[in-house]
Amino acid sequence: MFKSIGIISKLGNAQVQDCLERLVKFLRNRSLEVIIDVTSAQQLLSSSHHELNIVADLDVLGSRCDLVIVIGGDGTLLQSARLLAKYDICLLGINLGRLGFLTDISPSDMEEYLSNILNGAFLEEDRFLIYAEVYRDNQRLSYTNALNDIVVHRWNMSHMLTFETTINGHFLNQQRADGLVVATPTGSTAYALSAGGPIIHPSLNALVLVTICPHTLTSRPIVVDGDSCIQITINFEQTGEAQLNSDGVLRQTLQPGDRITIENTNIFDLSTPNLTTIILLYGLN
Amino acid sequence: MFKSIGIISKLGNAQVQDCLERLVKFLRNRSLEVIIDVTSAQQLLSSSHHELNIVADLDVLGSRCDLVIVIGGDGTLLQSARLLAKYDICLLGINLGRLGFLTDISPSDMEEYLSNILNGAFLEEDRFLIYAEVYRDNQRLSYTNALNDIVVHRWNMSHMLTFETTINGHFLNQQRADGLVVATPTGSTAYALSAGGPIIHPSLNALVLVTICPHTLTSRPIVVDGDSCIQITINFEQTGEAQLNSDGVLRQTLQPGDRITIENTNIFDLSTPNLTTIILLYGLN
Amino acid sequence: MFKSIGIISKLGNAQVQDCLERLVKFLRNRSLEVIIDVTSAQQLLSSSHHELNIVADLDVLGSRCDLVIVIGGDGTLLQSARLLAKYDICLLGINLGRLGFLTDISPSDMEEYLSNILNGAFLEEDRFLIYAEVYRDNQRLSYTNALNDIVVHRWNMSHMLTFETTINGHFLNQQRADGLVVATPTGSTAYALSAGGPIIHPSLNALVLVTICPHTLTSRPIVVDGDSCIQITINFEQTGEAQLNSDGVLRQTLQPGDRITIENTNIFDLSTPNLTTIILLYGLN
Amino acid sequence: MFKSIGIISKLGNAQVQDCLERLVKFLRNRSLEVIIDVTSAQQLLSSSHHELNIVADLDVLGSRCDLVIVIGGDGTLLQSARLLAKYDICLLGINLGRLGFLTDISPSDMEEYLSNILNGAFLEEDRFLIYAEVYRDNQRLSYTNALNDIVVHRWNMSHMLTFETTINGHFLNQQRADGLVVATPTGSTAYALSAGGPIIHPSLNALVLVTICPHTLTSRPIVVDGDSCIQITINFEQTGEAQLNSDGVLRQTLQPGDRITIENTNIFDLSTPNLTTIILLYGLN
């Protein structure tokens, strides 16, 4: 089954370090190759580990491992998924955070769960990512990807944000609101849900657009095909700055006239256009 | 393009009759074959029409026509779609009702729009139907189909309805509520929207489950794959009766223990399993 | 403090009987006068109780007791409140039901809680009731009261209900919907909440109007002064029947043209116009 | 009736100037005393006006006028109300903005409406303001007032805001969300409505608390007595900055541990504690 296991860990306290040490020990006892992300490895206390394990950067993990175990909360797993999306890889989360939708295993049960998973007792779920590009004056300014959601949100302005949305080039609406969430099925249970969106089954190839605090009373969440191209243009007459966030992390400040395109195709790296999904593992018990 | 045109009309007042007369005259002037549904034809005032036109029952319309024009509101079009779903047919609605999501043309513009449509200026939209079966004591009690939605709703009971829902055999939840809407994308802008559901793009193969007045505060609409099989079981300990409605029409009173299955496959007529969609026509101008 | 205690119990199983027996025994041991509602008393097993206690009808309980203890769920307490609203009385609920918003005490803690309460460790909360009258052809057809809510709901009709609402004689709106909830602050956490209403603090003199599954997307819950007079008129052109429910219990079937007035004044018994509240007791521990 | 009329105008384009000129001319022709806010007066083109009219600062307007007419949108009227709340004054809005809930009169009808109003054809509505204080390390840092709402909103942080709310010293809840709106009845149709709150009748003495994008699914708007004291404390462990806005205008950046108190008492100027309302005028026609 899995032969080479990568490990990514959030930086943290003694609990994180303990979990990391236990995980490395557990995997080595099963004679599996273990590759630790170089930043995460700084937390390994015993220097002997460094000799026994391969410490490498994320690209090595992505190229060489068939399973990457992420120690942290949903935020750590989301970040790992974004960074590793271009590799054909499985992700498994050990939850040290507040609440884990994506991270399935608690540290106390870690060894038992992992034994089962390494013996084949797991479910695989394909989760697709979305890719966003920001254009200013017809020049691409920046790009990012997200497993949960891309959010355009007003920021340094005292009024609501005015923006226009198109789907596959067709005008959808012009809205005044605090912002707009474009979420994958994975993200439909995260911020989009707080903003009033529906839950989308993970197996459905769909995106949901949820307006945050819409000025009009008639705004409703809209579910579209996952292969749609969504374009959001900040109104030129808008004053002040907005933000583009991916998975809750600030990526770009936005100015009037900026245009954002969102789709599920890997527009950054056309050499791997189809690798736009990540496989999440869930233990069976 | 279209060679044989069927006509279905709601029964009504002078406005309906006038619209029907104008439509027959318009189509005959273009030398098209016109077949009028036998019940609708009762409204034709001039007996001469009867000689010139073919009056036939719906099965003849379905088998022989390539386009059926429906005069009425959304209700009339929904009914026509349910009855003609087993035929490979296009539907076009002339709106005499209050508000028409599905019926596109107003009587005043009828001739102009139809000219364009008959010249090929139209959009086709495939809309799929869903099929529901009711089982009592493991015997199939009744079945129905719907273009918009299947709704299970409490009726003669003073408490909320308790029911369990599964998707593809997997337990989803047990709920206490006024009821549950299972809507197609077409129906997502009808009753499901009133109950708090999202809008689903017509091109998406999906169903949305919206709980009506849920007892728990955590209930949210759920969007699932259109090929899912949804099963709703009325709690055995429930007292009183519930209702099963399709497209807003009462189909079956439900008792404790009744089980409803809903899917997009034509389970009634396995000889035409693939004809589970209707094509709606929208004029271009 | 409390000298004469009334008891009302739902009819039920061994658990109810056990709770009732324990309660009677507990109160008699403290040398308090105990008056048991005549219907509830049928559940007392030991005939000796009948000799020791006064068994009487509700009007005697209302006139003579200063505290009435209700054994059951919220439904039993709501019913008791409606029946005893015209008396100046305190109510305390022992919860045998599924979920108790109004009934505070569980049977296992009953004696301990009651000791505290009888020693003065309690909070009093004034909860007002609302009164509804139904008029047909300008004749009063029936009337009812409610601690939680008055609900107008469509019933034997396939379309939505069309009705007009006024507040203090001023036109508010005409709506198409499944129905309308008019709730007190007490009822704001019951059915009105399921229909999408806000929570109203119990101390606020206010009513909330929540439309159930409104046809228009712009409908929002409206909070008005508790002294408002709300009038709902079923559209004359409506076909089919609707229902008037008070606290979830069917009170009146409604026909097109029926008019319902709702206010917090005791319009049935003008001799006691000010006794339109009930005092709920909550234990402190 | 009204003898001395104040005028406040937003700074703007030719349309604003034209409206201002017409208004001054109209009032002077009726021999009313006209006092123009000194900033607004900069827009008066003809210097002759300056000689004929009194130009003064807002405190003079507040002390001397019995009616102040505001030219602009809701934003201008909200600002004027906040600044003049300590005076016993009537406000009337002429709407040059996008949408006017508070500003009743369009420029084209201005003279006709004003004639009626000056002849006594108007409705008066008392609208109360709320006052907010921000405390850091138990020192009052700043204070503000609002006619619509006080909003605490996350700002320079990538996570949701964690905060605790009390009402009259009683713990209400601890929440993770984008923020919290505390709105007056006047503000219930503004931002609070976008965030999902109910409409509160202007005559009701109540406040509504609406959580913006709550992390938990069970959050619901809460309506409390208008005399309540609401206290919001930003969680100490929170990282990043939040914002306090009054009527949509940034007033204070907030840090972890900051405490905000909100009530309808004029806590800034105890010499005029009762003047915490503004009277809005609406024309009758």
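Every chain is named by a letter (A, B, C and D) in the order it is written, and numbering of its residues begins at 1.
Following the convention adopted for this analysis, a residue touches a chain if its C-beta (ideal position, glycine included) is under 8 Å from a C-beta of that chain, and two chains touch if they have at least 3 such contacts.
Since the structure is predicted, the reported quantities are computational estimates derived from the model, not experimental observations.
When you average the Cα atoms of each chain and compare centres, the chain farthest from chain B turns out to be D.
When the interfaces A-D and B-D are ranked by C-beta pairs in contact, the top one is A-D. Inter-chain spacing, taken between the CA centroids of chain A and chain D, is 41 Å.
Rounded to whole angstrom, the centroid-to-centroid distance between chain B and chain D, based on C-alpha atoms, equals 50 Å. Residues of chain C in contact with two or more other chains: 193, 217, 220.
The touching residues of chain C, counted against chain B in their complex, run 155, 158-160, 177-178, 191, 193-196, 212-215, 217, 245, 248-250. If you check the complex, the residues on chain B that touch chain D are 217-218, 220. In the complex of the two chains, the chain A residues touching chain B come out as 167, 193, 197-201, 203-204, 206, 208, 220-225, 228.
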